[in-house]
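Each chain carries a letter (A, B and C) given by its place in the written order, and its residues are counted from 1.
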């Protein structure tokens, strides 16, 4: 099923399917990327928690540590079925890599499309002591190279997690929805937005911490508002940069999810999203930055064709710097994709 | 996977898995039977809609017509994963039989238990004309007997549907939440209850009618309230009698779901549940009975052991008649189960 | 941002935004007033809980005690963003006044409209002992008069709360969905309606009691059903009278929300709504009246213009008396509004 699929006594793949409902979609009938991210994470959490408890040892719950960059290859519509399948492709001593594939299926026409391929990293936390990471049982690989390739991916993501942890610490104040009357359209200030959510019981795992998928769904929601404010058209999620979950968020916290546009190309917008948690009944803890990530959105015509995006107007030095950084990420992704296409053409 | 599994060009089985959340369970942490019924129905709706559209023809949506009697073999808890798998086991010209199996899995211990086996019947309705039933593509059977056995099941359920349609017409008034101060504990009037719900877009299929699973979830909820009012203990769904869906319920309707206790044995309670729909903005249509069914509940101690149930006090002639009818169903089910056990012992 | 805004070390304003979804609206695409009330209350609960925990002291959760009369100034549609901002404007020893403003924003056109201004009163309850009201840290006022005006508002609402507590005790039986076949259209009995809901974990605060916003959403839902049954047209919430929350409602209770029409003017309907809670597993506690309020609805044409409303037919003495009382409230509100307009014209 997967080219890098692990064989042998490794845990069986799991599948989650669901019909997309009106509440899962925007006014144009396109399912929010965040709904897909939430389903992906639920499948990942099930398979990795199951695996980490598969040998006698301390009971544990797998917590999402990181999602690799993922592209949304085609939009999903209300009434279609999203089929999410997950399997474990690598294990280190303390982490599990899960590969997830999403297919959308129009059950009326039978048409199927690949929607997403995502890679998630989970870390098993002890059920008795949430600060203790327990050991992960190793999986068996069909071929030696699978293990080596997995190890390479593991090292790469570890490095990136360390880096963003430092960057993440920088920003300390949330973005407040501005009084947009006083702002010029297409400036950063004009479209920046926030959502605030009180974490309830159904948002949380057995450990009483927010599911990664719940956070990602809210992040996509705020990014979508920023993008729609900027373009005034039907917008959809095109991709999400790697997301690192540095800090857990406890039940009863208030979370502020803020988004601001950082970069626009001709046909895409990059939005930076921050999640700040305020465990406000718990006196010992200050408000803290829990997650941050970059979402890329595109604007679609009624026929589903990409539309040109108005250029972002940068005003301050910080905005100009972030724009250049965003341009760097954009060009890098573009170059990587072209290299992949060339490689594919050569084979 | 299934003994009666169909082979050949028939559509593949599908699987739906989900972690059980606090909102899915009662105060003792036991997942409501209605949540399981809703998951079962969603899997059935996906697989049968997919099958009915698998050949060129009129686009259609499969609507739930009937659920066969099903037993809840073991309770499911918050944090466990419910794995629901569905496959098509028989097709007639205008209906599809779906067999669904539910396994609960404690992903911390790896323990798995069979929770349910259910059989559902769907009828495909044209997407353009909701009153037209379209033709079902036939499935292929691995063995000739599978088709014959399926046909027998088809004929049996058809008969039963006709019968209950007549019985169903009898009752016309809803059951009201009583002023319990004036009622003796353990009478029928003391525990009878209703829920009233406004049908929203997310409760509905593409055709704009309520999903059968949404109705069953509410039916189980009211039956649980009746049982808890009677016993004042932790109660769980033990089984549901065959449910026939005679009439569709349209988006925007107000539905009243009413339950009254009909019979108690030493360790179980039978509750009759009615669903009445009121398409109140549509002046041409009167309130009507959409569904009715019998739910059986048991009372559990803190350790999960069955507790004795206080005997139901019947007052009116109707209550006494219904008690005797309930006793008849109880003894019939008991006899059938013993016959199955004996047959199993002989094999 | 607000004229009465508090300055100094008082807690910063907060903002909650959300895109309106299909499930938030009626069949004409107008968002239910109850959805807006629920968002308002969530913002109020967050800011007041945060403030009450801002100084060393007993951890607590702010519980909604009262919402002042609020007008719905313009309808909100699916796809629009509702921006709710809240700030604390007064504190007494044991209560917090929160001022909330709601703006709807069409993110496609950029058009913004003020939708609501609401004033809410919260009381902080100890997390350890729900029956203990803890002390509220005082806020700083920019001008001396702000404190004096706040104190005046505090005294006024306190008086009104006492009064309605007495009136509230009067009514003791719920309103049942009628068998409308036997009722004349436009009578009180023809349109009166109820909803019945089982309180789940996600309806509740950390203390295990229903969020005020959840109750208000259900109250608006039933008032909308009553209004739609009376007019058979597209109806929207125009205003809500002051609502007092006399009694908490515990998780696991069954709540009955009942509405009956009390008065019609040429273009508006007044609906009285009651909330009765039944903590049914708790034998020590009888069913009790938790909340009551008056909602005013208007009927809109397809173009969004107000339509004439069929006059309410009163039959019993009680209905005639309630009609006259409703007329009194209607004339009083009208006079107050005209006085405000005249005052504004003079300035």
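Couple of notes before you dig in:
The criterion applied here is as follows: contacts are C-beta pairs under 8 Å (C-beta built on N, C-alpha and C of every residue); 3 or more make two chains touch, one makes a residue touch a chain.
Here's who's who by UniProt: A, B, C = palmitoyl-CoA hydrolase.
As the structure is a computational prediction, the values presented were derived from the model and not from experiment.
Taken as a graph of touching chains, this assembly is fully connected, with contact between every pair of chains. Residues touching across the chain B and chain C pair largely coincide in numbering: over half of the numbers involved belong to both copies.
Chain B and chain C have CA centres that are 37 Å apart. Counting partners per residue, chain C has 22-23, 201-202 as the residues that reach two or more other chains.
On chain A, the positions that touch chain B within their shared complex are 14-19, 21-23, 42-43, 45-46, 49-50, 53-54, 59-61, 78-79, 81, 83, 105, 107-110, 127, 201-202, 206. If you check the complex, the residues on chain B that touch chain C are 22-23, 26-27, 173-174, 176-177, 179-181, 193-198, 200-202, 221, 225, 228-229, 232, 251-252, 254, 256, 278, 280-281, 283, 286-287.
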